[in-house]
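We just call them A, B and C in the order they show up, numbering each chain from 1.
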Amino acid sequence: MPSLQDPLFATYAIAAALMILKAVAMSWLTVYRMMKAKGGYRSPEDLRKTPLNPQPDPSQLQPNDYVDRIRRIQLNDLENLPFFLVAGLLFVLSMPSLLHARIVLYGYVLSRLLHFAAYLTAQTHDLRASMWTIGSLILIWMTLWVLAAALGLTA
Amino acid sequence: MPSLQDPLFATYAIAAALMILKAVAMSWLTVYRMMKAKGGYRSPEDLRKTPLNPQPDPSQLQPNDYVDRIRRIQLNDLENLPFFLVAGLLFVLSMPSLLHARIVLYGYVLSRLLHFAAYLTAQTHDLRASMWTIGSLILIWMTLWVLAAALGLTA
Amino acid sequence: MPSLQDPLFATYAIAAALMILKAVAMSWLTVYRMMKAKGGYRSPEDLRKTPLNPQPDPSQLQPNDYVDRIRRIQLNDLENLPFFLVAGLLFVLSMPSLLHARIVLYGYVLSRLLHFAAYLTAQTHDLRASMWTIGSLILIWMTLWVLAAALGLTA
């Protein structure tokens, strides 16, 4: 089995774990904002009176940008992170140099954290898009590398 | 290669396969409900007259909670299961005890099946949220375990 | 570690890389169509005047089917591809024959490319649904195969 003691595989595991925690954090941040705003809910049954919602109101099902911003960030994660997680695994199995793997994998993590910061604080689209672009290009790079290795095009 | 004959890896493979089948089932359940309700469609071209839609009507593109409930459940799956699938793989590669792996991996599967049951039958938010929370905490636990192992913090 | 030099694992890696590139292409196609339509944006801050959006207008946040069609295709990818990527990995680790793996994995890739073509060009629902169904049945097949192998039900 691949071992977490192997430096190359550990690099992947660290990057993957950080991205998984980032993705999970979006769910918790959505929960936090829904509780703080007492709104941004989505299901009809969420208007029932419960300990977590003692004073239900139909307006709680209305769109709420304070909550929906996190949902947009999360959707962007869903469009990117699962593919990074698999591409990164195959990438380290293609035996790149440790330096190459560190630049690519940690570079991706950094680009996504900066994307999150830009999105959360509603920076201009151009800044947010630049961060997304860096991550996406890294993902494409890793995937093409894997494809070349699997096709036997690399040494 | 990791082998499905290895008890630890087989535990992961069983949990992963069950969660993948669960996720795929949401797609089929959406299809089933769209056909039963003859609505909840999303694309303009779905209003064309075809063998599967002999009597098209513009109302078929309106939101339909009978269908959209499954879509919400599926979205919740997308926010959770891909990360579980990768975290679980790395978790078993970090060589936990078999008992630890079984509790964590099968516990996650159980929490998601209960979340589905609570969501499908429109139980109160608090019950559904509790099931989600158990799964999310297990996911965080596995991911922190992987991170610690990859950073060499565990024996 | 599994090696990309192994023909079985390389088959998986090629199929996975193609599907990851396909998924990433949906993001870029969304960007392309947003820039071409100068609309279909989602965040309030996207109405700020920037080099990429020199003449902002509130209508840019309205739904735009030219853009939203790609988003629907992408959502369909998110509902399917991450599960294929993990199921396919476990499938090749269950040591199927190379022919079996090629038919199943490349068959899936082909079904998704045809689904994309049908969806992009707004073919009738029935054609698009048929392509989706083929891919989904292949995914279920692979997953049941993995489950049987992990449960020790196969030789």
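The definition used in the following text is that contacts are C-beta pairs under 8 Å (C-beta built on N, C-alpha and C of every residue); 3 or more make two chains touch, one makes a residue touch a chain.
Everything quoted here is computed from the prediction, not taken from an experiment.
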Angular offset of chain B relative to chain C [C-alpha, multiple of 5 degrees]: 120
Same or different contact residues where chain C meets its copy chain A, judged by the half mark: different
Length of the line joining the C-alpha centres of chain A and chain C, rounded to whole Å: 17
Multi-chain contact sites of chain A, meaning residues that touch two or more partners: 1-2, 9, 78, 82, 86
Residues on chain C engaged by chain A in the complex (per definition of touch): 1-5, 9-10, 13-14, 16-18, 20-21, 23-24, 26-28, 31, 41-46, 48, 50-53, 74, 78, 81-82, 85-86, 89
Interface residues, chain A side, partner chain C - complex: 1-2, 6, 9, 65, 69, 72, 78-80, 82-83, 86-87, 90, 93-94, 119, 122-126, 129, 136, 139-140, 143-144, 146-147, 149-152
